[in-house]
Structures are given as C-alpha cells and as structure tokens.
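In what comes next, chain A is part of two complexes: it sits with chain B in the first one and with chain C in the second one.
Up next is the complex of A and B:
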C-alpha cells in the first residue's frame, strides 16, 4: 500500500508540477495567471487521442502536438493576452472566454463522451507486495527529466537569464537590449507547450473529458500559491506537497477526504503565509 | 418625497433627469409583471423566467464584484447552500416552507459574510482563488454526501407545492405561468432592494472602498463593515437565486451550481457592465437573446459568449452599455471639432 501510494504521489506531483510550471513562466513575464491553461491542456489530450487512435506513433504525436500548441500559445499572447498584461482579473476574464470557446470546440468535434487512450506501456513491476504500473513510472521519469532540464535552462542558460531578467524588471531588461516583447511571446509559447506536454502525458493514464482541464488548472493554481506565485522551485515543491498529500490521503482516508486536502492546504497557506513558501511578496495583486 | 421631487424639478432640470434615470432600474422591471397579459405562450414565460434567474445571479455578483471590487466565483455555491437546505429539510421534516426559505437565505448570507471576512486578508486575485476553492469544496461535499444525494441530487419540493393567491394569479411553480410570476415578483423586489442600497450612502461607501480603501477609511467608513454589508446582501440574493433555480428544475444537483455555471455568470456580467445598476436587467436580456431566443445550436452558445466576452474586454472594457455613452461622447466630440474646423 505504501509503495503504491508513493508511486501515485510521485505521479500526481509530476502532473501538477508540469502543469503549474508553464503557468509560472507565463505569470513571471506577463503577470497573468492563465485560467485557460487547463482547457489548452485538455485540448492537447483530445488531439492526442485522435492522432494516436488514427495510428500516429505516440512520440510523434507528442512532439507534433507540443509544437502546434506552442505556436497557438504564441498566437494567443500576440492577439489577446498582451493587451491585458499586468491586469490579473482582466486576464482571468479573457481566460474564461477562451475556456468557453475551447470547451465548445471540444464538444463540437469530439462530443461529450469521456475518452480513453491505450496505455503508453502495458504491464507492471512487482516490488515486494506492491504492483507498480510501468507507464506511470515511465511518465514520472520523463517529466522529472523535462522539469530538471527546464529548471537548468531557466537558471543557467543565456535564454533563461533573458527570461528571468524580463520577469524581474522589464524596463531594465529592455535597456540591456533584450527584445522584451518577443521574450513574452516565446514565454507564453513555452507555457502552452508545457500544458500540451502535460495533456498528452496525462491522456494515456486517465479517462478524461473537458472537466479534467478545470480540475487541473485549479490544482495548478493551488500548487502555485502554496509554493509562492512566480517561483518555479515553489511550484515543484507545491506540486510535491499536493501530490503526496492527495495520494496518501486517498490511500488511507478515502477519495472524498483526498479531494478536500488541496483546498484545506490552500486555505491554510493563504491565511498563514499568503505569498507562499518560496514567493516574493506581491504588491500588485 | 413628492414635495422634494417637485422642488428639485423646479431648481434644475438635470436633477429630474437624474431622478428618472435612477428610478428607471427600479420601475422598469415592473413591466415584467404585465407579460402574462401580453402573451400566454408557456415557452415565452419559461424563457423569461430562466433569464430572470440569471439576472438574480448577476445581481448577486454585481454587488461583490461591481461595487466592492472582489471577483467571486462562489455565488452559485452560496446559492447551493440555501437550495440544498430547503431540499433536504423539506423532504425530511414538515417544517413550514416559508421558514425553510428564510433560514436557507440566512444560511447563504452567513456563509457569504464568512467568505467576505477572508477578503480583509486576501485581496484581488487571491480572494478569487479562495472563492474558487470554496465553490470546489461545496461541490465536493455535495457530491460525496449521502444526505445530499451525491451526484444524482435530490428532488426539490415535489411533494409540497405551495399555492399563493395573488390577485388574478395562482403562484404554482408547476405551471409555467405561476413560476414565471413568482420569479418576476422576486426579481422586481430583489432588484429594487439592491438598487436602493446601491444608490444609498452605503452604495457610495462600497464604491469608495473598492476604489481606495485608505481614502474611504479616512472619510469615516469602515471598509470591513462596508464589505460585510455587501457580502450579506450578495449572499442573501444568491440564496434566493439558488432556491428559485432549484425550484425551476424541481431538482438540486451539484452541476446546477458548478464552477462552469459561475463562469457563465462572470461572462454575463462583463457584457452587461460591471458595477452598473442595470447589469442584472441587461444580463437577463443577453441570456434571453443568446440562450433562449436565438436559433443557435445549444453547444455553440457558450463558445459564442466566450468570443464576445474576449472582444468586449479587448475593445470595450466597460461593457456594452457603458460603451454607448462613451461612443456618443466621442461622436459629439468629433462633430464639435469638425464644426470648429468648418467655422475656422
């Protein structure tokens, strides 16, 4: 039971972390929390289901969808989000509009029935008395690698420095010759690409419909707030806290209790430490 | 009042205009009560009744978001508390329905005030997140609680249908006309109360607290007290809307009060003009046109609404209605500058 719960915890932590990571990058440069992140994630899952059922190999579908969604994200930033930059509530309202449009499109093209995908890898490994599904272990590994690469890129690479400089002080970054506008567009593209990656990965492990987006984006918000808005390290720590609390809560106290854990954790963090565990104090929100 | 009104009318004509403009949102909805005399089509009645329910949700949201400046996604969850209270106790006890409804509305009000108390610590977006969490908590509890019927919900007042005689009308919710008249009366009263409060000193204080809490405090208002008042009023309206909403479906289920429904209320109010006294009426008209009258495929409606909301935020951030005076001013300005050029 413990090992199964731990695997489940790692898996949930990985999904929350990758969903939240994209949101944090976007928030960093645009000061917007994109509520439609979950809808874009689910759209990617639906695209993956069609491609994979249509016979496209999993990895090609994954790369293709991530690339397409990155472009779509850049388009959204150029046309919509740029104009509400820094206005969190206006950003939220346009996100709600995007959610309505994406959900409508999904219902239109795929219908309301929940969808499932064939599992990425069949089979499971036995460790002692526990049986652990191989596909989840594989996904945990892939996500861990992606997150570590992303974090290293953000902190060590030249591009990461450019991104962080823009997030910290736009005007100063601009004076250093950083093309701030382009950085914002690319950041939004990266954020959406991570949502797409999360969507395709999650699609093969659960039965999903449009509600998956709503629940994941709310969990991502909770993760971000627990960790501290604007901190990628915080997002990963928050995702781990939430993932393990849910997995163990569900294993030992039942699913209903587990569903309430994130909400209790959120209320506790917001009331005790509103800027989160790793967050900078934000005056503007 | 009459003497005062006449005195004002004599002193300046613009004051009369102001009075009329102020009375309109209160008086014009009375037109709703005449509708059954104009059309006897049950379809028309159910269209307007459904739209009025959304007007009530928007009225509730308008007070906290439009007037106190706190976006809440919890209004439908607050309404669910009253609706489920009435449904659960109505089925298990023979308490008087009036008592049940009043206590249910009070419960929504208290829950709203408690939620509002959080806003003293968490501003802006953080408060919105807390309301999302609140809505999610309510729906999680309802979906897992046997007494509330879990995901299948409960019948709402099937066994006990109250008949109220009011002039020529019999208010029976099971007839479309009866439910329409009930909804219309509730809306007219709720809208009038909300409008009167918003026009009063309290309403001005709410806007002051929204725009600048420090300044409001220095003028002698207590931001906490003003917010509490707003949340109490908004919660009571949500409770009323929740009970009527459940009544119209003869059913309480978690989906009726789910977050996507709350997002619909957010979209409607953005289009209707946030913080506008007219917002509930206009939101009702938008809902009537888009969701009832327009021959659009049911699936497409939400997407269309979403598209319009994005366009309005980008192009007319103050909503459709407030944009009209702005356009008029812009046209007047342009016309004036044209005539100046012409004379020069």
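Up next is the complex of A and C:
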C-alpha cells in the first residue's frame, strides 16, 4: 500500500505543480490572479478529447493544443487582461467572465456528461506487492522533465532573466530596454500553455467534466499560498506537500482526514509564515 | 436668461415615458403569469440536475419526461372539464446544487407553476422544498431519498422512487448478502446526503445479516484519483465491494481498480448502473440493484412498449442508466391522468387525491401506485449481474 500511495502522491504532486506553475508565472509578471486558469485547463482537456478520440495521435494532440492555447493566452492578455492590469476587482470580474464563456461553450459543444480519454499506455508494473499503472509513471516522468526544464529556463536562460526582471520591477526593466509589454504577453502565453499541458495530462488518466477546472484552480491557489506567492520553487514544494498529504491521507486515514490535511497545512503556513515557504516573487539568480 | 419651463417639461416627458414603460412591463408580466392552463396547455415544471455530478441521472429523467409528454400529446392530450389540453413540461437545470435548485424553484414560482417534478436529488431537495412545503397551491413529485421524511397522509408531496428509508436500505443489503453471500464487505459512497444514507444504512443492513463491514468511507463527488482508495480497500481483502451510487464516481473507481489488477473480487452497486463497468471490462463480476427495471434488457416484455417509444424518440435503445427514466415516465403519466380524473388543473387537493387513486393510465409501463402517504409502490425490483459479458436479471420483492 505504501508504494501505491507514494505513486499516487507523485502523480498528484506533478499535476498540482504543473497547474500552479503557470499561475505563478502569470502572477509574478502581470500581478494578475487568473481565476480563469482552471477554465482554460479544462478547455484544453476537452479539445484533447475531441482530437484523440478523432484519431489524432496523443503526442501530436498534446503539442498542438499546448501551442494553440499559448497563442490564445497571448491573445487574451493583449486584448483583455492588459486593460485591467493592476486593477484587482476588474481582473477578477474579467476572469469570471472568461470562466462563464468557457463553461457555456463546453456544455454547448460537448454536453454535460463526463468524458474519458483512451489510456495513454495500457498496463501496469509490479513492484514488490504493489501494482503501479504505467501511464501514471510516464506522466510523472514527463511532467517532472517539463518542470525542471522550465525552472532551468527561468533561472538560467536570457528569457528567464528578462521575465524575472520584468516581474521584479517593470519600470527599471523598461529602462534597460526590455520590451515589457511583449514580455507580459509571452508570460501569459507560457502560463496558459502550462495550463493546457496540465489539462491534457490529467484528462488522460481520469474521467473529467467542467468541474475539473474549479477543483484544480482551488488546489493551485492552496499550493501557491503554501509554497509562496510568486515562487516557482515554492509551487513545486507546495504541490508536493499537498499531493503526498492527500495520497497518504486517503490510503491510511480515510478520505475525510485526507481532505483536512491540506487545509491544516494551509492554516499552519499562514500562521507561521504568511508569505509562504518560499514567499518571494520570481527568484533571483 | 434661463428658460425655467424647458427643463420641467423635459422632466415631465421623461417621467411619462418611464411610467408608460413600467405599465407595459407590468402588463407583460401579468400576461406571462398564469395558473395551471395556458391557452390549452397543462404546465408542469421539472427541476433536474442537467449539469454537475448527477447530470447522467438528470439526463435519464429528462428522457423519461420527454417520452411521457409525447405519449400524452400524440394521443390527443388530456380532456379537462370538457377542454382538450396538451401537457407542456418546462425542464430547468438546478446544476446539481442546492443554491441552483432554490433559484430555479423561485423563478418557476414567479411564473406561477403549480405542478412540479423535483427538486430531484437529495442534496438539493430539503432547502428547495422549504419554499414549496407550506404552499397549498403546489403539488410536488420527486424521486429524492430526502423527500421521504416529508411525506404525509393526504399530502401534496409524492415520492416516485420506491422507499429508501433506513429500513428499506438495510433490506437491500440483506438482498445483496443473500444473493452474493459475502463474509466481509467494503462500502464506498459519495460525500453527499444520498451517499450518507446509502453508506450508513447498507452498513447497518450488512451487519444485521452477519457480514463484517471492513471498510466504509465516502469521497467527494469530484474525486478523480482513486488509487489510494483502491489500495486501502484491497488491503482489507473484502469478499464484496459496494461501489458509489453515482456512475460518475463509481465508473472511475472501477476503471482505476481494473488498472491495478483489482478485478477478481465481487463488486456490487445500489443506485447506479452497468455503465460503471463500461470502461473496466476486466471486472469479473458486477451486480447492480435497479430501483425499477432494466430498460436495456431487450428480452423484457414488460418494458417492450417503453423501449419502442424510447427508440422512436431518440433513435437508439435505452441505456442502463435509463432505469431512472422509468422513475419519472409513469409518474408524469399518472399525474396527467389524475388531472383528467379530477377534472381540474388548479385544485391541487383534488389532483392529489385523484393521484392516490390512479391505477391505470395511457402509456403505462410499470404497475406503480401511490400509497396514502404518496410513496410509490412497486411489487418487484431487479438485481442484474454482469459476468463474462453476459447479464442475468433476477426479480425480487423489496
């Protein structure tokens, strides 16, 4: 039971991390808490379902949807979110509007019934007395690689430095010749691309409906608060805490206890370290 | 020099325009508001979960309503006090939430609907029914388990699903125990009022039948990762696992159980359907209890006409979940018959009394009747067992 719970913990940690990472980038650079992140995530899942069930190979569908959603995110930033930058209430209202539009579109085109994708990979492997599904192990590996690459890019690449400079001080970045508006657009696109990746990955392992986005965005916000608003490392640590707590809680103590653990962790972090474990904006080099 | 009369006359014109618009709006509202009939129509409101966790059940209820409507209207409608009327059912979505149910109920009351099907799910029933409970101008049919405690002798509330009282649910556990003969059982249900009742009372029933309950847990209806739960259940090694009553929860649970090779124990379900094993064909044995009958059994002569009507309407055979459609199909037809027998669409007390007396109606599928408290009675229910790709059906007396 321990290995199965651990696998589940890694899987949940990976999904929460990839979902939260995009939110952190958007908040860090644009100062926007994008509540529509979950809606965009679940829209990606539905788009993937249509493509994959229609015969498009999984990896092609994944890359295509991530690319399309990145462009859609950039378009949303240019046309809508830029107009409400810095205005919390207006940004919230805009997010809610986007959620309503996406949810209605999903119900209109795909209907209310939950959907299931074909398994990415069939089969399981036995490790001792535990049986572990191969598709989850694969997804854990893929997400881990993506997160490591994203973190390395953020901290070591030129574009990563540009993003972090813009997040720290827009005016100073602009004075240094950084095209701040373009950076914000790209940041939003990256955030939406990561949401799309999370959506497609999660949809390939579980039955989903429009509520997938709601529950994941709430978990993402818990992850961000625990890990530290604006910290990508914090997002990964927060996701791990949440994922493993849920998995081991469910396995050993029951679902009711598993539901309490993240809330207790959240309360503890807020009491002891209100800015979160790594509470800073995008990290310095 | 200021023209003191000009602003005043403009103000008067604006006030007049405003009052005219208000009068027009009030007039339109009065025209829209009606009681019972509207120009040859018997209006019934149906409050269903068309979205949210219970959406698959809501879709089945909707199908049952639409077929019932066609059966009546295609056969000349109803004759009420010498006038021919069609029935018109307005179906609204309560989004599977209590707030959604309350909101739509209020909107329907504003439109002066008197005959209601729903709120339909236990999670939504209690808060939404509070608005209707003491209103003597409203009659309510509902399949919700939570409706049962509100039934009163001679009342205006009718429950369209056979009893799910604690005693009845415990009796269902006895049926499972007699049929499947487990020594130990694990129970998993959704975290909602329906799941609470099923979990507690099935556990009680199994214990009374001498079966050890080795696992009893509830999960949020939006749970997607069941592997830790599968692992925990497997660890207790039960002879029988009772899966969640919602297909949207039970299906993913069984799918993930199959993924890790947990397929050889017996699985059973109260309230769901064989759709739970659609994505987990490796499950060796799955038994489900039907509150009505299996409409997808092509060999069942009892439901032959219903199946034909369903296929004509939707272009395909009924699905397993359409056992829920039967919970609303006959009750709507019974209500229409009661209105016709009472000779009125507005005297709710007369309609309620007539409904308790209805024994035959156009398009009848199942031999339902309502008792003096408004609880639907059905002589037999069914157990269906899916094994090696074959389904066998067993009738039993609840």
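Quick note on the criterion: the second predicted complex is superposed on the first by the 278 of 285 C-alpha atoms of A that agree within 3 Å, B and C clash if a C-alpha of one lies under 4 Å from a C-alpha of the other, contacts with A are read in each partner's own complex, and residues count from 1 in each chain.
Keep this in mind: a residue touches a chain if its C-beta (ideal position, glycine included) is under 8 Å from a C-beta of that chain, and two chains touch if they have at least 3 such contacts.
Just so it is clear, the structure is predicted and the values come from calculations on it, not from any experiment.
Taken together in the superposed arrangement on chain A, chain B and chain C clash.
By the touch criterion defined above, A:141 lies against neither chain B nor chain C after alignment on the C-alpha atoms of chain A.
By the touch criterion defined above, A:12 reaches chain C but does not reach chain B.
Judged by the touch definition given at the top, the superposed model places A:80 against chain B, while chain C stays out of reach.
Applying the stated contact rule after C-alpha superposition, one finds that A:99 touches chain B and leaves chain C untouched. Of the two partner chains placed around the shared chain by superposition, chain B is the only one that A:218 touches, whereas chain C remains out of contact. Contacts of A:67 after superposition on the shared chain: neither chain B nor chain C is touched.
Once chain A of one complex is fitted onto chain A of the other, the partner contacts of A:107 extend to both chain B and chain C. Judged by the touch definition given at the top, the superposed model places A:250 against chain C, while chain B stays out of reach. When the two complexes are overlaid on their common chain A, residue A:259 makes contact with chain B and with chain C alike.
In this superposition on chain A, the options for chain B are 145-153, 235-243 or 325-333, and chain C clashes with just 145-153. Overlap of the chain B and chain C contact sets on chain A: residues 107, 214, 256, 259. Interface of chain B with chain A (complex): residues 71, 118, 121-126, 128-130, 132-133, 136-137, 140-141, 144, 259-260, 263, 266-267, 270, 299-310, 313-314, 317.
Residues of chain C that touch chain A in their complex: 50-53, 55-56, 58-59, 191, 217-220, 222-225, 227-232, 234-235, 248, 251-252, 255-256, 259-262, 279. Contact residues on chain A toward chain B in their complex (touch as defined above): 33, 80, 83-84, 88-90, 92-94, 96-101, 103-105, 107-108, 214, 218, 221-222, 225, 256, 259-260, 263, 266-267, 270-271, 274, 285. In the complex of the two chains, the chain A residues touching chain C come out as 1, 4-5, 7-8, 11-12, 107, 112-114, 116, 119, 124, 131-133, 136, 202, 206-212, 214-215, 246-248, 250-252, 254-256, 258-259.
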